[in-house]
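Report on one structure; see the data block that follows.
Chain naming follows the written order as A, B, C and D, and within any one chain the residues start at number 1.
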Amino acid sequence: MSELSIVSSSPHAHSGSSVRRIMLDVIIALVPAVLVSLYFFGWDAFRLTTACVVTCVAAEAASRKWMGRNIGIDDLSAIITGILLAFNLPPTLPTWMAVVGSVFAIVICKQLFGGIGYNPFNPALAGRVMLLISFPVFMTRWSEWTIPSPIGMDAVTTATPLGLVKTTIGSAGALPFDFTGSAMLQLFVGNQNGCIGEVSAAALLLGGIYLLIRRCITWHIPVAYIATVAVFSGILWIHHPQQNLAPHFHVLSGGLMLGAIFMATDMVTSPVTKRGMLVFGIGCGILTMLIRKWGGYPEGVSFAILLMNAVTPLINRATRPRVFGAPKGGRKQS
Amino acid sequence: MTEYVLLIIGAVLVNNFVLTRFLGICPFLGVSKKLPTALGMCGAVIFVMTSASAVTWALQHLVLVPLGLGYLQTIAFILVIASFVQLVDIAMKKFAPPLHAALGIFLPLITTNCAVLGVSVLNVQLQYGFLKAVVFGFAASLGFSLALLIFTGLREKIDRANPPKAFQGVAIALVTAGLLSLAFMGFAGLVK
Amino acid sequence: MTMVIQTVLTIGGAGLVCGGALALAARFLAVKEDPRVAEVDGILPGANCGGCGYAGCAAYAEAIVLEDAPINLCAPGGAEILSKLAGATGQTAQMAEHKVAIVLCGGDVENAPRKFDYNGVADCQAAHTTGGGDKACPYGCLGYASCSRACPVGAIEIVDGIAKVHPDLCISCGACVRTCPRALIKMVPYARKIHVMCSSRDKGPAVKKACKVGCIGCTICAKLAEDEAIKMQGFLAVVDYDKELDNDAVIEKCPGKCIVRI
Amino acid sequence: MGAIKAKFSAPGGVHPAYHKDLAAEQPIAEMPLPASLVISMSQHLGKPATPTVKKGDTVLRGQVIGEAAGFISAAVHAPTSGTVKLVAPVPTAAGPRATAVTIEPDGEDKWIDGMAPCPDWRQLEKKDIVEKIAAAGITGMGGAGFPTHVKVSPPPETAIDTLILNGAECEPYLTADYRLMVERAADIWEGALIIAKALEATNIYVAIEDNKPLAIAAMAEAMPEQAGAAHVVALKTEYPQGAEKQQIFAVTGREVPAGGLPLNVGIVVENVGTTLAVWDAVVNGRPLTERVTTVTGGPVAKPGNVLARLGTSSADMVEFCGGTSSPVAKIISGGPMMGFAQADMSGPTTKTTSGLLLLGPESVHAYESMPCISCGRCVGVCPMNLMPNELSQFLEAEDYETAEAYNVMDCIECGCCAFECPAHRPLVQHMRRGKAQVMLNRRKQ
């Protein structure tokens, strides 16, 4: 033989999966939500998404070059960070802030740790939280929005549904509206105020189903997360229907769908075991509701997921599966 | 009852000693490399902070205030705290020598851990009663332990990470602590 | 004046109470400890290289004090630390001869072909156990730098695909010797400069096929070297480092060009 | 009597592309004697055999040319009659070198007057059967090559109630066991009864993946009448159903304790090929001198199942199968999941060579050193419930203690984790290295 044969350790077969392919699938799954955001927010959605994606990719390439590493943007992960960060921004945010957030997300939260696989926190969420804390006014300034057919009301507001509820309850008033019937449908489709990518549960669910089919995510985290929020808010609602919103409202409003389907399921920062994923989802749900109900911010999804990111290593450690053949009931410790 | 629950939530989550007040960073970085060591540190800090809260409260309100010696607060508190730490040190050396060896210098350093002095001084500043002071001390140490445990988990991950040379070691640990602190901001407003 | 007295009394009293409590604690919870262990530990370099055969400097210190272990095992410490240890323990000992590590293989990229394309973990142990290593010579240095990573002082470098030890940097801890899956690395006296840079025990034709600079077992050097300073072990010429060898003829006459002066 | 469905299935598992159609319907073809045979003394697990011949000796087929060196070792026999040309070390399939005897066949293929045939094996004592198996040099022919006489003589205090014949052949591409079951069902059953007698086992199960209906049908049809406790079990098709511990669980629901052996739960598992070799040895008095190997893969012109003498080189076997019709990038002894990649085609067939697989450049999977992205797929597919993601990172950092605490020693190297890994990390290689190092560290203590 003229050419040397290749020798490696077994196995010599592979499923054909790759990091790039997974990332590509996530991007494909995000397409419906991108389209919906363009429909509802138009130029602002385009402006912010483009700014974030371009900055993220450029920041990734530049920082890797600066650190003397191979450029390595072809795994497409920076594009996802860009889209997800943009999805978590309000439509009125100045472009330069989106750029700052993107650089923070990619350089500080990801590349400083060594790049893909090493970051302990979801970069897009960390970027959003940094912006939220640094520019609280800009990050909570929403576009004008006609509340869809509240009973006997026809109001225009510049708040998100969750924000509206928080301020109303804070001033001890009754809930301003009651989402039922067609209003529910409006929420589901995405006709509500909020960050550009989080409004449409329908589009996000579509993407989630695609990810499930492509085996990029498992059902554990999204289902545990959403179910916990539903149960938690359901209990509150049954006890004080005047002071609390119905579970379906909690599930469909704010960033829950986006968070549960795309952010909490980020492989790098979520647990690897099935039981761990359930714990992770439940933890996210509880923290989200704690912040939504009692916290200072109207929305708690980003904080909740970031906090659960932080305990992911501990969850992984605690949910180590029982080794096949090890005594039941206890983990084998040597 | 509610008051105490809120006090605890406040000290553990909202105004976490490490992540919001930035007290006790030294052992937070020093003993967060291995979970068993971190657990030992948590136990030691819980003991020292809770009992130091009680004793310094008594010292303040039974000795220093009646005698008008408020200006001796810092030195008197440090004296008491130092003794407590020494006690823990001796006891641990006897009953858990491996842990004692693993904690190393960080055990005596609890003496100068600002979290312990901080909680004593805060108890005075916030004019807490005895029970409240003890509960606050306990809750503050729980908050410290929570932060330390979470951080230890993260530390095991970032120790395997691949940061650029300039950021290796404590630098990247501090970046992580910063991000963790960012996440803890989410609890702001939970307790008014 | 009152203030001063009050201050002194308060702080002094508190100090006395605390001190008393600590004294009691120290008495009842005392742990026996030999202070000499800490002293010896302080003398040792603290590199924890394991060259002495103990788990680290602290373990060696304990062994010296409690088990009368010899004090001349710390190669990185050298004569200076030995004399300090002698002072601390009262033992006397001669420093062992200064030895450095050497990788006995000269089959670099140019001289030793590979027999397949290795695809896997860049580590010698891993490569060695995957298809027997990609180097055509089953004895040669694989060049995946396991020794270099094991070296606590960075004295080993991979040059042209094989490991080279810088003798002046080597602290003779032996970590590389323990790491090499092919047992190519030997500890040799620093003063000895002539080496047979081959470890292949195969017969001449097999060696020739696998490497241009291998020892083919021709025995010329063994005959030339005085006092049996080079001996044949099977088909491999091996330098006996206990004997003087300063004979350039062995280098010139070696047909495999595998004897060198370093 | 038909087949019963397996009630259980071990954790994890993957579904690789099987490619069995390449050779599955090719009947076993006996290969003519090659020009030279290289018989390794290390064809089994345990100590290599000690050569008993030297250069220039003439040998007969079935003559012992290597004696078992201790209890866990196996004898080696001359696969044909001829002259010993060389006794020298050659690389084994796994890499390290071992002594091998090279024989030039004289073409007469004359048997030695050795073991007596014993068609009436039912009269034999337990220990006679074990002796015959040992004398025939039989080892596990599925892959690991554990000496069979050791397996069938468990310590007296261990009661074995069940014998499982492993016909799962879960490795992609390989069809040798499948062909044996289709063509030699009755002989395999008789071999099973012989082993069961030696073990005093009352239950016999033949475990076959349900993607091999013909084999299931053939084995079910040939099932002996007298044994009421004999069953054919159809396993769910999933890699690695052929792994011993996983198969025991699938068939009986018993879990072999971590670090333990099947006999700890009263079970012995034998490969169907091994069982046939036992039949041949006991009934016909023939030692193990040949085996069926699947020669397959894209570049092989006419893939097939070859009955070849031990010692036949890969090149000769490929030649017998019509040579290659496209470029070869990887040569694998065994299947794609657990086989060993070879530097060239000079390697000889051994008792454990279940397949010879050639892959073209398009089918070669390249490992990379990408960081783990914690997707958790390896955790989900690990049939031992390990965490390969964590383990590989501990091992990369050479933290063998933590790896041991995370049960690296329980890894069976099945390859499911690396098969699934989207980051293309060489996980199995990390495990191998880790296991070797942990063993070394344990021995030092």
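The working rule: a residue touches a chain if its C-beta (ideal position, glycine included) is under 8 Å from a C-beta of that chain, and two chains touch if they have at least 3 such contacts.
As the structure is a prediction and not an experimental result, all values here were calculated from the model.
Could you tell me which chains make contact with subunit B and subunit D both?
Where subunit B and subunit D share a partner, that partner set is A, C.
Among the chains, which one keeps its Cα centre farthest from the Cα centre of subunit C?
Max centre-to-centre separation from subunit C belongs to A.
Go ahead and note the Å separation of the Cα centroids belonging to subunit B and subunit C.
Inter-chain centre distance comes to 43 Å.
Please compute the C-alpha centroid of subunit A, do the same for subunit C, then give the distance between them in whole Å.
52
If you average the Cα atoms of subunit A and of subunit D to get two centres, how far apart are those centres in Å?
About 48 Å, centre to centre.
With chain centres defined as C-alpha means, what is the inter-centre distance between subunit C and subunit D in Å?
41
Can you list the residues of subunit A that touch 2 or more other chains?
4-9, 114-115, 118
Subunit D: which residues touch two or more other chains?
Counting only residues that touch two or more other chains, subunit D contributes 340-344, 366-367, 371, 426, 429, 432.
Please list all residues of subunit C that touch 2 or more other chains.
Residue numbers touching two or more other chains: 115-116, 119-121, 126, 130-131, 134.
Chain adjacency by touch: line, ring, star, complete or other shape?
If you draw each chain as a dot and join those that touch, every dot ends up joined to every other.
Mind pulling up the subunit C residues that touch subunit D in the complex?
Interface residues on the subunit C side: 115-116, 119-123, 125-126, 128-134, 138.
Please output the residues of subunit D touching subunit C within their complex, sorted ascending.
Within the complex, subunit D contacts subunit C at residues 91, 94-97, 340-344, 366-367, 369, 426, 429-430, 432-433, 436-437.
Which positions of subunit D touch subunit B when the two form their complex?
Answer in residue numbers: 371, 393, 396-397.
Which part of subunit C faces subunit B closely enough to touch in the complex?
6-7, 10-11, 14-15, 18-19, 21-22, 25-26, 29-31
Which bits of subunit B are touching subunit D when the two form their complex?
It is residues 160, 162 of subunit B that touch subunit D.
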